[in-house]
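Before I ask anything, here is the structure I am working with.
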Amino acid sequence: MSFNTFGHMFRVTTFGESHGPAIGCVVDGCPPRLALTAEDIQRDLDRRRPGQSRFTTQRQEPDQVRIISGVMASEDAGVQVTTGTPITLLIENTDQRSKDYSDIKDKFRPGHADFTYEAKYGLRDYRGGGRSSARETASRVAAGAVARKVLAGVTVRGALVQMGPHKIDRDSWDWSEVDHNPFFCPDRAKVAFYADYLDGIRKAGSSIGAVIEIVAEGVPAGLGAPIYGKLDSDLAAALMSINAVKGVEIGAGFGAAELSGEDNADEIRMSNHGPVFQSNHAGGILGGISTGQAVVARFAVKPTSSILTSRRTIDRHGAETEILTKGRHDPCVGIRAVPVGEAMVACVLADHLLRHRGQVGG
Amino acid sequence: MSFNTFGHMFRVTTFGESHGPAIGCVVDGCPPRLALTAEDIQRDLDRRRPGQSRFTTQRQEPDQVRIISGVMASEDAGVQVTTGTPITLLIENTDQRSKDYSDIKDKFRPGHADFTYEAKYGLRDYRGGGRSSARETASRVAAGAVARKVLAGVTVRGALVQMGPHKIDRDSWDWSEVDHNPFFCPDRAKVAFYADYLDGIRKAGSSIGAVIEIVAEGVPAGLGAPIYGKLDSDLAAALMSINAVKGVEIGAGFGAAELSGEDNADEIRMSNHGPVFQSNHAGGILGGISTGQAVVARFAVKPTSSILTSRRTIDRHGAETEILTKGRHDPCVGIRAVPVGEAMVACVLADHLLRHRGQVGG
Amino acid sequence: MSFNTFGHMFRVTTFGESHGPAIGCVVDGCPPRLALTAEDIQRDLDRRRPGQSRFTTQRQEPDQVRIISGVMASEDAGVQVTTGTPITLLIENTDQRSKDYSDIKDKFRPGHADFTYEAKYGLRDYRGGGRSSARETASRVAAGAVARKVLAGVTVRGALVQMGPHKIDRDSWDWSEVDHNPFFCPDRAKVAFYADYLDGIRKAGSSIGAVIEIVAEGVPAGLGAPIYGKLDSDLAAALMSINAVKGVEIGAGFGAAELSGEDNADEIRMSNHGPVFQSNHAGGILGGISTGQAVVARFAVKPTSSILTSRRTIDRHGAETEILTKGRHDPCVGIRAVPVGEAMVACVLADHLLRHRGQVGG
Amino acid sequence: MSFNTFGHMFRVTTFGESHGPAIGCVVDGCPPRLALTAEDIQRDLDRRRPGQSRFTTQRQEPDQVRIISGVMASEDAGVQVTTGTPITLLIENTDQRSKDYSDIKDKFRPGHADFTYEAKYGLRDYRGGGRSSARETASRVAAGAVARKVLAGVTVRGALVQMGPHKIDRDSWDWSEVDHNPFFCPDRAKVAFYADYLDGIRKAGSSIGAVIEIVAEGVPAGLGAPIYGKLDSDLAAALMSINAVKGVEIGAGFGAAELSGEDNADEIRMSNHGPVFQSNHAGGILGGISTGQAVVARFAVKPTSSILTSRRTIDRHGAETEILTKGRHDPCVGIRAVPVGEAMVACVLADHLLRHRGQVGG
């Protein structure tokens, strides 16, 4: 991963600021002759779109995607397909009304990237967070929709598994529930609780963190490239690059620190369909290479930094001051990170699928 | 990070198997005219070397490093310095006696990369784990010693902060203690406890996981490159690439999921020496860019997979069988991960220092 | 250079097909706080634009560029400046009327990329050449205009030095002449001759090749990175990547094969302003690193493949057939390659300037 | 290509200086299960080795290669095979006697990289040219031998086609002749002439340039990646990166500038074995992608810069002086560039074979 591009064979470059004319991405290296329409991409974008419940920011953006390049109608296939050349996806910013930024233009909002962008570049685009806005993640979701086309036979799904200190009950996990509540929560019994809990936080002008889990099923054994192209290493980079993420773990994750060698070992038995692991503490990855089990990754999202409580800070001239961020924000920005996490995992897997095929064939 | 190379401007390629003639690395992109001797590198290697206490594997390797290229005696400087060309470091394998591998040659050891290497490549180097051996991390430590030369004014230190479920007392943190016990433990009061605890595990032929923390002080504000070259993203990739690591977190990490926005915000005040953050939940990184505070990263290491208890597995022909790994192994492989973690953080910071200077100057 | 991206620190990704909605590029890694407006870019684009004389294709495209991201109005600077984030430049295709492609849809035009795209991808975008259209070079010119901003103090200029077998007279070289004739010819006396010559070729429905020379003055000594990041190596890749280019040379180039060591050696004398080379057979590059002299590169452009004379070929079903390309085309596509060559050289130099500053500082 | 590494999937990193303990390379990304022994590599190295005739430098180096990593004896295959992990090749420098360098230590030899290394790095390894020594090309040849293993069915051969102004007669081209004369000359009738010509130059203490041609047969159609990963673009970079190369051309090359569109078009007919091109002005590449014809590249090598005639120069303190290079040198360094050029072409083709398989499969 380098600057605004990630991936080696399946390469994604994203661009754009929150309040410029548009954001988007270029997906390079995609195999040719895959069916791909704007609708395929729009479906995923709509899952990330804000303003769909009272628990996400009320910014109204249709997030309508246009395919600018890299596809054509195929007479042979009867549908629109990828051509093997760069696929450019453009999403116009429609909610970029000229707001009054005098409040935050010169002040560094704690928890945001204001101070660091200024420290690095000597200036920053204060309009809506500029490049560091969560809006950038729409480009990732769009790219992820293309990656899913590459990953025929692989299912990449995500869910919120913890909000504040409150974890879901893993025994109640139901994937079909995830898209039927505003939290991407797989535990139906927890939905009402989360609604009440988050309403309280929202009304207090506060915010809270969350943990998201992404599961990829159908990943063939053998993806990943030792030593510095390990599948888990690339997943860690990809998920940690999402705004507000502070931790990433694979399989047993930090819990593995407390396990004994006997408990941690995923024993193997043989079935008619090949090897069967008896557990999955490894999260589907051993030595940086996929085992054929489900790839399981989790990431922690910090609480939204924009809150209604005043915080002490300084301005760009070094004067001490205070700031509170007006307007409505996601009280738990982790919620909308679910489709973003799925997209990043899909992109990493697609990249490794092509890399593996390149080196080893098959 | 790609295959066996990582970094963009400060680029490290490692090579070698556990039981081949040698392992080593090529460090490319290092600035010229930095004083560098084999002794500088040996010092760090000696901290990682096995066989220094009863708590690490008894494999006896001097891990003697030779500088093959990239340095010359400078008459101007009066010392040996880097030339700006690739620095190659070679460590010969001296303990590669022809052991009897018939036990593990065909069996997949659970928790090890045996199954996945075979799945990927259609064969694997079963001698001592081949490329997936922890021995490869010596190359990282050697490269890290070069990175430290680039990082004048920056201190990168690590410590073990948890063994099994037992965490250190952070109020007792004493950096000067770390190099005076076999656990890299910064809490003097915990050393005897860890010794007893690990002796029990060792004698039972079992193993246990650990958590390591790396702290980099003196990192200037402004290092890191949005969006896919974020400093924390590159740290996550680098630390997750270390053998047996299953989780990485920055600053408050997974704990951030439980924080409110008010508590998580690191407020800023002004001092005579510039901005002063009142806390460091961010772990020294906001928006992927360093704040000038200490950069704080933690990673979880799973228990050693080689244990004396028999585990069920299959062999490469698909037959069900059992395996136990004879010989003495690190009962807590996390211990020796401390200098490795330091090295990876140093390499990432050196890379970002050069990348920042390239784009922005100064 | 990889797929649709080139450069390491100053990275350019281009996208788009001839007859899609738009083409464009993303310039990543550009230093912040450089003044940049759409007009700066438009100026260079206008030099490449077709339809400006009877000697270039009559396709009418305004090639109007929009900056989609990466700039903001700076109150400090009083002008629009780069922010350090990706600069996206978009050029809409306005001349994409639905032509009748039935003639070429299934036939492989000799000299074009029709056969090879089909061989590689199993399909091709036959509309106007798709991705292999010379129209893609507009994106390069746009990126090059940004690179020029990075290269303060460096002048990158190009000229046509040969059309068919007819070379200019180097003793008559006058840079001020280049922008005052339709051939970018620096030899005023040759202009009328070239006009007659090319009229003859154009009227015959034929085409002819050309040689272009690019000269960069003010390049500081020290740019370039041995061994596989040599400045001349990167220039060769960049210029050879331009459509229809079949050869690249630096300084004395192929002529160096005929020189003796004595004649080829550029002797050095000292002046008040530093070292002065007595000749420049090296073309400003020794050992892959700039000498401080003018960097001189030349490239050969083959004749336009679209001609009015029928050529034998096959169609995608393997049937033998013939084809001639109707419509008006550039009789000498090399002419418009001049601003493209300048842009590529500027991008490579900008990249090496940042890379050098990263590794060595200053 | 970046710094000391080139290639994307088949990646080569070289290291080492002329007078350090060793030179070598790391080949990363090589497919597993390819038979590979040191002898396979030695065969190619021996073709490049100096001291084999009076027409090359008399430096005596056995250039004995050792495989340090990346291979193992395969019981399944009964031979030593690649494992898919990095292949490290080491060649010790045995002729590094402590010569007296006082003559050249402070003086910049015209035509060499002395001045530019000093300008870039602030110091240089004056012993035998350090990193810029032609000795580095042995590492390329070693890597190329591995690449040939990847390229089953592809033949990569080279020949000297011009020495000074004297070109071979292409009608007399006989590949079987190439390895039977000291010039890699495919025109038997020219050998005696070249011997006399070069003896004259050698005895005069002078040197002369040359042109080398590399031909790869059996390359499947479809290799190459538009727009900045074009096969010809990567070949240009690879060949231009060889010491002393000043020009590269593909197919008709600079001659294409003088061709008409009719003459340049390679017409296509159909045969029982697929498409047959009627000529190969394209040099086997159209739009950056291989056509299935022979890939033909040529490069110009400047005369050896080390000559016995005194040349004017300056020293590192800025004082004007003169220098002549004693000792025996290659009077035509282009000769030994033949196996180097073959190796570079083989590496580029291997890389593109894996990249193509990654993106498109098959």
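The chains carry the letters A, B, C and D, assigned in the order they are written, with residues numbered from 1 in each.
One rule holds in what follows: contacts are C-beta pairs under 8 Å (C-beta built on N, C-alpha and C of every residue); 3 or more make two chains touch, one makes a residue touch a chain.
Keep in mind that what you see is a predicted model, and the values were worked out from it rather than measured.
> When the contact pairs of A-C are compared by residue number, which of B-D, C-D or B-C has over half in common?
B-D
> Once you count every C-beta pair in contact for both, which comes out on top, A-B or A-D?
A-B
> Return the distance between the CA-based centres of subunit B and subunit D, expressed in whole Å.
Roughly 38 Å separates the two chain centres.
> Taking the mean of the C-alpha atoms as each chain's centre, how many Å separate subunit A from subunit D?
That pair's centroid distance is 45 Å.
> Just give me the whole-number Å value for how far the CA centre of subunit A lies from that of subunit B.
One centre to the other, that is 27 Å.
> Two-or-more-chain contact residues of subunit A, please, as numbers and ranges.
In subunit A, 2-5, 8, 14, 29, 32, 84-85, 120-122, 131, 226, 360 touch at least two other chains.
> Name, in rising order, each residue of subunit D that touches subunit C in their complex.
It is residues 1-6, 8, 12, 14, 108, 110-113, 115-117, 119-122, 131-132, 136, 162-165, 201, 206-211, 221-230, 232-241, 243, 246-262, 264-270, 274-275, 278, 281-283, 285-292, 300-307, 309, 311-314, 318-320, 334, 356, 360 of subunit D that touch subunit C.
> What does subunit B use to touch subunit C in their complex?
Touch residues, subunit B against subunit C: 8-9, 29-32, 84-85, 226, 354-355, 357-361.
> Touching subunit C in the complex: which residues of subunit A?
The contact residues of subunit A facing subunit C are 2-5, 11, 13-17, 20-24, 26, 28-29, 32-33, 66, 68-70, 72, 74, 76, 81, 83-88, 120-125, 127, 130-131.
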